[in-house]
């Protein structure tokens, strides 16, 4: 075979590939499902075969190489077969993937439209209160169907003492609690109330009274922000340090987790300012809380 | 069959225990045989001066028999174990007897929330009783539980029921149990869920019908609006 | 890193590569790269061991001020457990078993002067070193090391607000991804070297079984790590860019990560098992002076295990939310895979039959591997059977099971290989008496750690809890005593490693001179000097191969061994 | 100084080509895992078709044409290298690199327009997979182009000509991945 016929052969293959490309682009234009399937994917397989055979000379390569490549492709098929029943299907034996169902019914197509905030559950019938948005460290809260926010419960299992330490819990934040005034200034655009809902309310309670669901199981009890004595006993710097470096840093329970890696200083200041609004004794403003800790 | 360490407090607990004992017997037998042969060879064929090892290809029928026959029997044992395991798995996880009551179990970073159906026995009615880290059930009733999680993976694990099912955020998984012994037992979280995974303990109260009715009355939110 | 130990090899070396200190850091010699991997692996084993000591002390004495560490907070406990697991598997078992002995032995055992791609080999170690530095550094970043288990299930691992160790999690993921890249590069080198660089006359069945095992392990790793590499990219984007691959809030699916992880996870455990089986088979044939019982059986069952290992992954997820009907499929495949493994162990035991066994230190370790691994293999059936796994999943029974497989593989297998090939690597003999004391201390201490943990697991104690007093059924006096027994055994085990380190580094310089073939073995690495020069054999005297590697005690021959390179 | 090991070829396949085939096997498994996950989600969420309509099929088709042409150049380069003509091979590799660079530029332009219209990686599942898969592929195209630079440099001096074939095989693989990516991301509407 002379040099020219070699290159002419390759150019011929290339021409076929281009034709196939054109068909695979035009085919789906007609919008028939099976036509799209055949033209787009069928032709893709043919093109891949042509490139592998003529360009990569797989046909004259030793058989062992073909077997290696076929094995890796078969393994991917095996992975697909083992995983699809759980990921592709949205329901199965005794389980429903509410998140996927919810995402299918309220899809996000355009950059503008967001999940309908605060919408009720998917049809799985949770009677729970507003569902939590995923926290992503505060900030953008996509609506999320996942499970149920634990509404402040009448029976907070109060008598269930147990000698557990206090735990801080970043539960997914509910929608913004109406009552709390948005705190201005400290960190522009940062919603301290939402941060409190997502990160603090599980232990400190949505009313800041220290008996959130997880708080109930803790000993010592989480801090109660509605109790004026709490604010007299310490200044904002100590509260800031407790939030930033965790309870152990200020001699309190190590179960109060350090939030320094999730919220920056300005955001923590905004949270501290927000906590003051729980104080029932006429809201000792941040300035007045200058007593020694 | 003798039970394992923990009491058997659910209708299928003894099934799982029996399966564990069958596996223990089958597997223990082969373990002892293998170790005995192994240590036997070591002691018997220690190097003795002037006595050389044999030259055995390992393909002669005479010797390979001693491996292939045990192997066939092991395959038989495996088939028996597979059958026993699938039977128990079907009983616990695949079939779902109709329920006297249904509860909802919500796992969240570091607390279990149990929604009991309340006096009317129906879930999602206003007389539901939401308890944190306390599950009250009546002995003898068949319960369905709808398990979900609000943030990360948790695992609803009740050792005395021999029951374990992961709570996956975004999914609702339904399972069942039927308590058979009264008492107060542990509920654990068996999937790592962050800093408070260690304190995610909850209490399981299996009560007689009278105590359970009394508990419901005591906790009925509409009745006792304190 | 490896300077002191290879000073000895320097005298023979006549090569023209970089001289002095650079010779060891920048060398492309497969032997030096093998030692670099081994020393890094041993160093990481010390770190992993320290982490084990720390959280075992916390479990035995909750809340105590632990010597050398201080009080363990819940977050630190999770980080210690997570990184103990990750370091022991990715930075101790794989580098030492596959990379160190693979690099050192494969060229020597197939009669080649080096790997086919020496520079790629050096690059793979450098990427591995970078990943080791990254994982160590991740312990000291704000928020501490990653605390979401070595399996790093999202959404816990994907969202800093959930795991509170955001920076540690991303560094952990990058370190693991880099380690995969290092072993992909290393794997290609091993496979192509075995396929192409064999000595003339070495047919497929003349290749020593340890070389086969390491190369099959490399192929298994290469074909199984792909989906997890893709998963790691997706998890990295979830952590850093805020995409929602695994976040149910935006329609993602946490179960997808579990499948991606365990599709790699289970072949991974066979990736570390096969080289250890290779060492053990090699050592048992040498010290029982007997031909390996059924070379082809061992080889084909190893290949069968590798293939079957792709069909079993979801037995890690029976109760994790997959469809219950799928669990039956994986129960069947999991119990089936126990058959080839049992076959390999039976064949290794059969090799001892009518042998003349000398209980040298390497032989002791190899026999201990078989004895201990039988327990590991046997207890796997409880977990492979879905019915029993409902109760046992994520309890200490699982933990004891995989330590009865990983410890024989990573620790006993490594000590067997080190004591066996130390004379060849460093030209000195290790101290026999010290070796025996260290052997008996380590193996007995090991059993005293994990038998109690089997019992604790059966009692329903589940994993990764930093203080069991919160669970009344687990806080009983009897169970706490078992935890204390396990902790004291851990301390004994870690202290006895000082014996090994002393024996290792003392013998490097003061050990008696090692002959070229101290164990009278047939394979090619014993036909060159100890330690071998650069290029292993003089260029014009590269060995040819005339027979298989296991022609021991052939009737009618005066010697009871017959090296592969001796013409018939 | 190459070791003797590299010169041996017990499996009668040249060492370089054997290695590149194993590299491809590991790449198939990586792209397979990613595309498998994408296809699962795509079949599970038919509504993604609506948001996928915002991808520009014409740019995708043009990029496919660019890659097919550069694959042709690569095979012609290999053909030239086989005849020992280093200079001609280097020229064809230069053309292949041109194809790679064009592909990258068209891709960055395409992304620029899409991102500026708000279709970012965090918008929804489809766009996350879109940028991850196309991004990983683009990374492979750029890496291939850089390596081709070195190989063309050597080939021009008539050295290491067998490497032209190796980078050609890698390039055809990258082309095949795109052949499957194109319908999956652009056409399935």
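Residue numbering begins at 1 within each chain, and the chains themselves are lettered A, B, C and D in the order written.
Criterion: a residue touches a chain if its C-beta (ideal position, glycine included) is under 8 Å from a C-beta of that chain, and two chains touch if they have at least 3 such contacts.
Keep in mind it's a predicted model, so treat the numbers as computed, not measured.
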| item | value |
| --- | --- |
| Winner on C-beta contact pairs when B-C is weighed against A-B | B-C |
| Subunit B and subunit D, separation of their C-alpha mean positions in angstrom | 49 |
| Between subunit B and subunit C, centroid-to-centroid distance (C-alpha), Å | 31 |
| Centroid distance [mean C-alpha coordinates] between subunit B and subunit A, Å | 30 |
| Centroid distance [mean C-alpha coordinates] between subunit D and subunit C, Å | 35 |
| Sequence positions of subunit B contacting 2 or more other chains | 93-94, 109, 151, 169-171, 173, 195-196, 199, 201 |
| Of all residues in subunit A, the ones touching two or more other chains | 71-72, 75-76, 79, 83, 87, 89, 93-95, 97, 99-100, 103-104, 108, 135, 145-146, 162, 164, 170, 172, 255, 257 |
| Where subunit D touches two or more other chains, by residue | 11, 13, 18, 22, 25-26, 28-29, 32-33, 36-37, 40-41, 45, 124-125 |
| Each pair of chains that touches, named by its two labels | A-B, A-C, A-D, B-C, C-D |
| Residue numbers on subunit D that touch subunit A, as the complex places them | 11-13, 18, 21-22, 24-26, 28-29, 32-33, 36-37, 39-41, 43-48, 50-51, 57, 61, 64-65, 68-69, 71-72, 74-76, 79, 83, 117-120, 123-125, 168-169, 172-173, 175-176, 179-180, 182-183, 187-189 |
| Of subunit A, residues touching subunit D in the complex | 3, 6-7, 10-11, 13-14, 17-18, 21, 24-25, 28, 36, 40-41, 44, 47-48, 51-52, 54-56, 61-62, 64-65, 68-69, 71-73, 75-76, 79-80, 83-84, 87-90, 100, 103-104, 107-112 |
| Residue ranges of subunit B touching subunit A (in the complex, touch as defined) | 93-94, 96, 104, 106-111, 113, 115, 123-124, 128-134, 146, 148-151, 169-175, 195-196, 199, 201, 203, 219, 221 |
| Complex contacts: residues of subunit A adjacent to subunit B | 93-100, 124-128, 132, 135, 145-151, 153-157, 160, 162, 164-165, 167-172, 202, 213-214, 216-218, 255, 257 |
| Contact set on subunit C toward subunit D in their complex | 16, 107, 112-118, 184, 187-188, 191-193, 195-198, 202, 222-231, 233-234, 237, 241-245, 250-253, 256, 260, 263, 535, 539, 542 |
